[in-house]
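Report on the structure given below.
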Amino acid sequence: MPSGAGAPLLAASDLCLVRGGRELFRDLSFDIHRGQLWQVEGANGAGKTSLMRILAGLSRYGFDGRVQRRAPLLYLGHHSAVKGLLTPRENLAWHVSGAGDWSDADIDDALARVGLCGYEDVASHTLSAGQHRRVNLARLYLCRAPLWLLDEPFTAIDRGGVGELEAVMTAHVAGGGAVVVTSHQALQVDCEVRSLRLGAGGAQ
Amino acid sequence: MPSGAGAPLLAASDLCLVRGGRELFRDLSFDIHRGQLWQVEGANGAGKTSLMRILAGLSRYGFDGRVQRRAPLLYLGHHSAVKGLLTPRENLAWHVSGAGDWSDADIDDALARVGLCGYEDVASHTLSAGQHRRVNLARLYLCRAPLWLLDEPFTAIDRGGVGELEAVMTAHVAGGGAVVVTSHQALQVDCEVRSLRLGAGGAQ
Amino acid sequence: MWSFLHKLGSPPWLYAISGSILRWLLPLTLLALAAGVVWGLLFTPPDFRQGNSYRIIYIHVPAAVVALAGYYVMATAGAISLIWRMKMADVAMKAAAPVGAALTFAALFTGAVWGKPTWGTYWVWDARITSMLLLLFLYLGVVVLYEAYENKEAAGKACAVLSLVGTVNIPIIYKSVDWWYSLHQPASIKFTGDSTIDPSMLYPLLLMICAFYALFTCCLLLNMRAELLQREARTGWVRKLARGGE
Amino acid sequence: MSAPSTTRFCLRLLRRQLVLAVRRPAEMGNPLLFFAMVVALFPLGLGPAPEALAGFAPGVLWIVALLASLLTSDNVFRGDFDDGSLEQLLLAPQPLYLGVLAYIGAHWLVSGLLLSLVSPLFALMLNLPAAAIPALVCSLLLGSAVLSLVGCIGASLTVGLRRGGMLISLLVLPLYVPVLIFGSAAVQAAVDGLPVAPYLAILGAMVSLGIALAPLAVAAGLRISIDA
Amino acid sequence: MSAPSTTRFCLRLLRRQLVLAVRRPAEMGNPLLFFAMVVALFPLGLGPAPEALAGFAPGVLWIVALLASLLTSDNVFRGDFDDGSLEQLLLAPQPLYLGVLAYIGAHWLVSGLLLSLVSPLFALMLNLPAAAIPALVCSLLLGSAVLSLVGCIGASLTVGLRRGGMLISLLVLPLYVPVLIFGSAAVQAAVDGLPVAPYLAILGAMVSLGIALAPLAVAAGLRISIDA
Amino acid sequence: MYFDSVEAMLAMEGHGVFVWSAYVVTAVVIALILLLPLRRQRRLLRELAADERRARAVAANARGSS
């Protein structure tokens, strides 16, 4: 599917946010179409997370402008949404249960692809920081929502894991999805990366 | 001070750790001398955090081997130890209060150096993820302990911040301190980096 | 003496010696229990005031006495574990708690059931009964705290701290409960005369008390053996045992 | 896109909550043990005379049940808020009303239901006449459902607050008062040999009203808390 | 290296804890509000006859104070454990005993002390004779210090547990019993016109014992919890 | 033997329910505290033995294939 065809999955117009007396961004307008990969960049405190939450619809007050969402979306935030007392398998099964019917084999397969083969049945709180996040990232292999909003997905992930995540994102974009990702690292993907730079207000 | 002179700041001998039925490392012995920079590497779940906690003395049961600490140390872990209801200034003042007497100017200076100038007096829970961690990292500018144990200090920090942290670490090592750091990124420092690779057991 | 203490700290030795003790103590205990029960239930005359309901005494009193003694065993083991850092003391303390809790429950239950025919009610807030209830809570606290920790070595230490705090507190708790009881108006019901017990009733009671002490020892050793196996699962002697056991 | 039916989704959510409760036996046993121990405090504080105890047994049992429910309801959403699961629930396509009902149902099952079932034991210990025990169990069954419904409203409003403390008790205790009054009145009526049914009917009406309205309030509260 | 004196360090820790409490007024007001509301529940649950109320006022006031202290002590170390501050405290060169004492002291100041100071108000609401009020305040002042000391032991042992639930109430309530007995006995003695001093002396002895020993247990508990 | 018949023994002049329920519950408690650790010990040993066999099989496989 050619990039930019059809109605945008998400349209933001005139977004403007002031927090703690600082203007983080103003008059931000953009359309996210199928087949696009957007990277939101900016120093610490530039407003990346705030923007992502506005796009996802989690923040509904305190900003100006309009966001129109025309497709189901997947949002992964700073928190891993993994319950320590459940096993990775139970966590993943619960996470994807809202969106479709997945067999146990699908779930184990997704866990294996994020390198958690052999850890399916331990309590998640015994996992290391990176493994903990990987449980959540395994959703990317099972998710059918066309629009992904990923807030710093590479946190605590080792180099091999980052490469695989980039591959998944590329594949999703190539298959007609769209991805908005924040990261402090440069993305190594073989598709066009549109950059959204948030400027002022951050740590210098 | 030449690297390796005198008694080691920390001596680990025959460390061996089994967690959840997996052997993470065995017969690990090393001495950390003044003027050395060690990077602990390994995939997610390789046991880096577990090793750091053993070195710091926070884990005392469940491993074999001996750790001798001969100098005060500074440990920064996955958790930022920043209280949301206190301001960055209060947080930092409290953190360094155990080790020396610092004037308010010193503290503001350290906060400015991590890019938090202007944020000294807001409640810490309104800070962004990276700024939150920066409050804790500001301790590095005030710390007189010769041995630093830093567990993934670059998490959530933007590119500029990473560069500055690397400069601080280099300066500390050049000044006769020692640093043990875990990170998934390659360090860009102009001093020798000794690498400690933890192998088996991690996510593949 | 020192070599004995040293041996006591060695898991394989403890495992072996407890095995050979159990081999004769366990059958003996069961035999004594059976004999005591049959004697008490069938071969003693009824009490002139309480009739046949007094036969509960043969399990009530031993259970209560041993449950109380059990706390001291547990607390002593906890103190040893914390002060001399002896791992086996940890294990013993952990092993004593569920047994003590079970016996305390038995004492409470039999007491309550006995209360209905004699006092007309299942429960009164008498000093001794109340302190028994508190003892149950103290035991349960140790059991639940141990289960809540994942790292069993840390769990042992935490329970040792708790039981040590308990040792300081137990006398205070008992004294205060006794005092509380005498402070408020006395309950209308009293325990029946204790020393005026007839020899024909006394001997089976003594037998049962001894049997319950033996039972406590057996359960303690059994629990310790299971705990040792779990803690030492990765060591050579347990592996050898597992291979031989098949 | 074959999204699974909403009912299935909610049943899964309910199961997840129950699994979490069972994995944390101390959490589940806690309302019961708390109940047991606080009930035991009353004779210690007020004196052991059996008649006096029987006199205030209905009130004491109800107040302690209410406290047990209050204390556990604070945690219903807290863990999910802290680890980000709540955001995911709000973003799920299924109606939030039903998801919230699953949370409330799980809370009632592991606190109210269990507590009602073991309450006869404690009633006996406080010398409550045996004739009043069925009334106690029934009123607790119904009343604790209302307590869970109302408690979750308070929990949803306070879960996002950093300075919340146990603010929930301030919000929720006044709303608990009618339940306490009718609940303990039901037991007292049974003690006095009066008919109990009217009280139970009122409690039942409260339950129905609560099931219809409380999840709406909880859903709104959660949306606000996520934003704070 | 001029490490600041240990006393200064502890005073700073105490100040930090107090600042945190003041920043969270709901947290600080909470024991008071909880106290007020639960005390208000009793007339509702037990019936409002004034003489009856006066009869059980000493016990009820003490039980509610005890619950308020229990509920807040669960949180003493929890926040610091979750955000890593506790690791830093354990790694500090100053003796842990004194640091722990600062935590306990702060907890007593914002729960026990405040509660004792406002208790006369609630005592009047429950028709407690005015003559007994000094005894109530004194016994609460001393007794709540013991409650804080013991409660922090429970908190330190359970802070690291993922499956802890409100396990602390199981660990701590049996140990609270002596305080409850002597505290309510002191008030009862004052109501009956008997001398109160012996009871207060016993409570004072408990405080001294607690200050000497409890911080040791708390320090040991924290070291274990950090490791679990 | 004090009682004349089995019925008399069961009834115990009206106190039978209390006496026998106390004895039965105590018997169950005793059985539990004896059997639970025994069962746990047996299960642990069985698991360890299975582990051991698995490890040996893996080692044998590795030797066989190389």
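Per-chain residue numbering starts at 1, and chain names A, B, C, D, E and F are given in the order in which the chains are listed.
The rule we apply is simple: a residue touches a chain if its C-beta (ideal position, glycine included) is under 8 Å from a C-beta of that chain, and two chains touch if they have at least 3 such contacts.
Everything numeric here is computed off the predicted structure, so don't read it as measured data.
Chain centres here are means of the Cα atoms, and by that rule the chain farthest away from chain D is B. The interface holding more C-beta pairs in contact, when B-E is weighed against A-E, is B-E.
Look at the contact of chain A with chain B and you find the same residues on each copy: over half of the numbers used there are shared. In whole angstrom, the spacing between the mean C-alpha positions of chain A and chain D is 37. Centroids built from CA atoms put chain F at 52 Å from chain B.
Note: centroid distance chain A to chain C, computed from Cα atoms, is 57 Å.
If you average the Cα atoms of chain C and of chain E, the two centres end up 32 Å apart.
Of all residues in chain E, those touching 2 or more other chains are 23-24, 161-164, 167, 170, 173-174, 177, 181, 227, listed in ascending order. Across the assembly, chain B contributes residues 61-62, 78, 84-85 that each touch 2 or more other chains. Residue ranges on chain B touching chain E, taken from their complex, read 56-62, 72-73, 75, 77-86, 90, 94-95, 97-101, 123, 144. Across the interface of their complex, chain E is touched by residues 84-85, 125 of chain A.
Residues of chain C that touch chain F in their complex: 26, 33, 37, 41-46, 51-53, 55-56, 59-60, 63, 95, 98-99, 102-103, 105-106, 109-110, 113-114, 116-117, 215, 218-219, 222-223, 225-226, 229-230, 233, 238-239, 241-243, 245-246.
Within the complex, the chain E residues that touch chain D are 23-30, 33-34, 37-38, 41-42, 44-47, 56, 58-60, 62-63, 66-67, 71-72, 161-167, 169-170, 173-174, 177, 180-181, 184. Residues of chain C touching chain D in their complex: 121-126, 130, 133-134, 137, 140, 144, 147-148, 177, 180-181, 184-185, 187-188.
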